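Chain IDs A, B, C and D follow the sequence of writing; residue 1 opens each chain.
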Amino acid sequence: MSSSLSLKIDSDLAGVGPVARAVRALCSETLDELALDELELGVVEALNNVIKHGYAGQKGSLVQVRVGLKADKVVVEIIDQAPPMPPSALQPSDPWAGIDAAEPQDLPEGGMGLALIQMTMDEVAYSSRKGVNTLTLTKLLSRK
Amino acid sequence: MSSSLSLKIDSDLAGVGPVARAVRALCSETLDELALDELELGVVEALNNVIKHGYAGQKGSLVQVRVGLKADKVVVEIIDQAPPMPPSALQPSDPWAGIDAAEPQDLPEGGMGLALIQMTMDEVAYSSRKGVNTLTLTKLLSRK
Amino acid sequence: MLSTETIDGVLIVRVEERRLDASKAPLFKEHVSAALGGDVNRLVLDLGQVEFIDSSGLGVIVSVLKRLGPSGSLAIASANSAVRRLFSLTRMDRVFILYDTPQSAIENLRA
Amino acid sequence: MLSTETIDGVLIVRVEERRLDASKAPLFKEHVSAALGGDVNRLVLDLGQVEFIDSSGLGVIVSVLKRLGPSGSLAIASANSAVRRLFSLTRMDRVFILYDTPQSAIENLRA
């Protein structure tokens, strides 16, 4: 079965939960529970970022989520028309470097979203063209 | 928050569950649990009918589901391009008439879908124009 | 799809699916029919793992009741709120008794 | 959003939300801060009702740990698999101990 879903939501953090759960439900027969947990987390972090940073926390703009279920993978695209992410944002980073030796006072309280997106997904791609940004998140099906 | 979702799925009964759960998830902050149970049931029955009767159980055709979250209601549209429903199908019917006196042998095993759609929804409308059928299911928000 | 157990002459059929819907109803019907031997006439359907049933799934349950015949009885156990709603909308809660646990269903069928 | 209880000097904070995410993190932070009186330094965060936490929710939990200071301790109870996954991905499972129940967390903090 190959199917596609397209969701348009307002740039409102309160709408992120229901949409992420809808994406999860749509993939529920395709991915296992662990992969679903990771997918939901990655999608939430990506949507939060678009709303918090892209749209500066302002409601009233559209964010589109497209879900494609393929034979071997799930592809989620997050599409917005906010100012694009700075290229530096996508460089691999490790907010938890040195965490083993760290004092509690040094633990990060933020700046974890992009790292979590990378960790929860098998592939992450970003493009920005003509004012339209697309973050493509891919989760491969585990070969059962 | 007013938002819209559009899902396109293959006319495959196996895809109905995930889509119905996705619709439910999307409405999860808007409706209460009982209303969500009813919505999910009505949406499943409507999708099953399109696939079983409209597309004669054949895969390979598209069914579209649109969800609109409004301030006072949830509207789910089920859109297909199969041969339309006969007008008689939409007449109110009671598959359980006389059930109280009925012997088990007389209980219905089928023909309950349309009645369930009507019972689970506050409004049901059907239109067929230029080969496109739209079943509009409306669930009003309970005034809490 | 299901597992069975017999306690004191009562057949307990535990449904091992999250959803009993049109995509699974035909196979479900086959499996329950196979589980019903010739002389079973008291049956508990344990729906503890079932999250959702549609009219096709309900139709199969009704067909099982018919197969048990006039002397048979079929009790439903552990239905969640969505399934209970289906039974009450279709007035099938007047035909089947819904028990909270398989144990209480068995006790009542035995009595 | 949360309810609290004190047992043998350990403050138990039960989170009464299904999701601790960016939409709720600021308010959650306010409420926990209010619950932390001046002299609390052992705290159990009961996540039994929480289905999902994102990095914003985790950030608040880390901020609570910092507020408890060097002599404080913060234990997590009843995290589901999604929350456990967040803790392990972010290596926070090395910072916090995750207990299956509030009871076992309390016993360990008391000892």
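Going forward, a residue touches a chain if its C-beta (ideal position, glycine included) is under 8 Å from a C-beta of that chain, and two chains touch if they have at least 3 such contacts.
This one's a predicted model, so the numbers in the text were calculated from it and none came from an experiment.
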Item to check | Other chains in touch with both chain A and chain C | outcome: B
Item to check | Length of the line joining the C-alpha centres of chain B and chain D, rounded to whole Å | outcome: 42
Item to check | CA centroid of chain C to CA centroid of chain D, Å | outcome: 42
Next on the checklist: Distance between chain B and chain C based on Cα centroids, please, to the nearest Å.
Outcome noted: 25
Checklist entry - In chain D, what residues contact two or more other chains? => result none
Next on the checklist: Two or more other chains touching the same residue: where does that happen in chain B?
Outcome noted: 14, 17
Item to check | Pairs of chains satisfying the touch condition | outcome: A-B, A-D, B-C
Checklist entry - Mind pulling up the chain D residues that touch chain A in the complex? => result 19, 21-23, 52, 54-56, 58-60, 62-63, 65-66, 70, 81-82, 85-86, 89-92, 94-95
Checklist entry - Quick one: in the complex, what on chain A touches chain B? => result 1-10, 12, 14-15, 17-19, 21-30
Item to check | List of chain A residues in touch with chain D within their complex | outcome: 13-14, 16-17, 20, 33-34, 37-38, 40-41, 44-45, 48, 51-52, 95-96, 99-100, 104-105, 107-110, 112-113, 116, 119-120
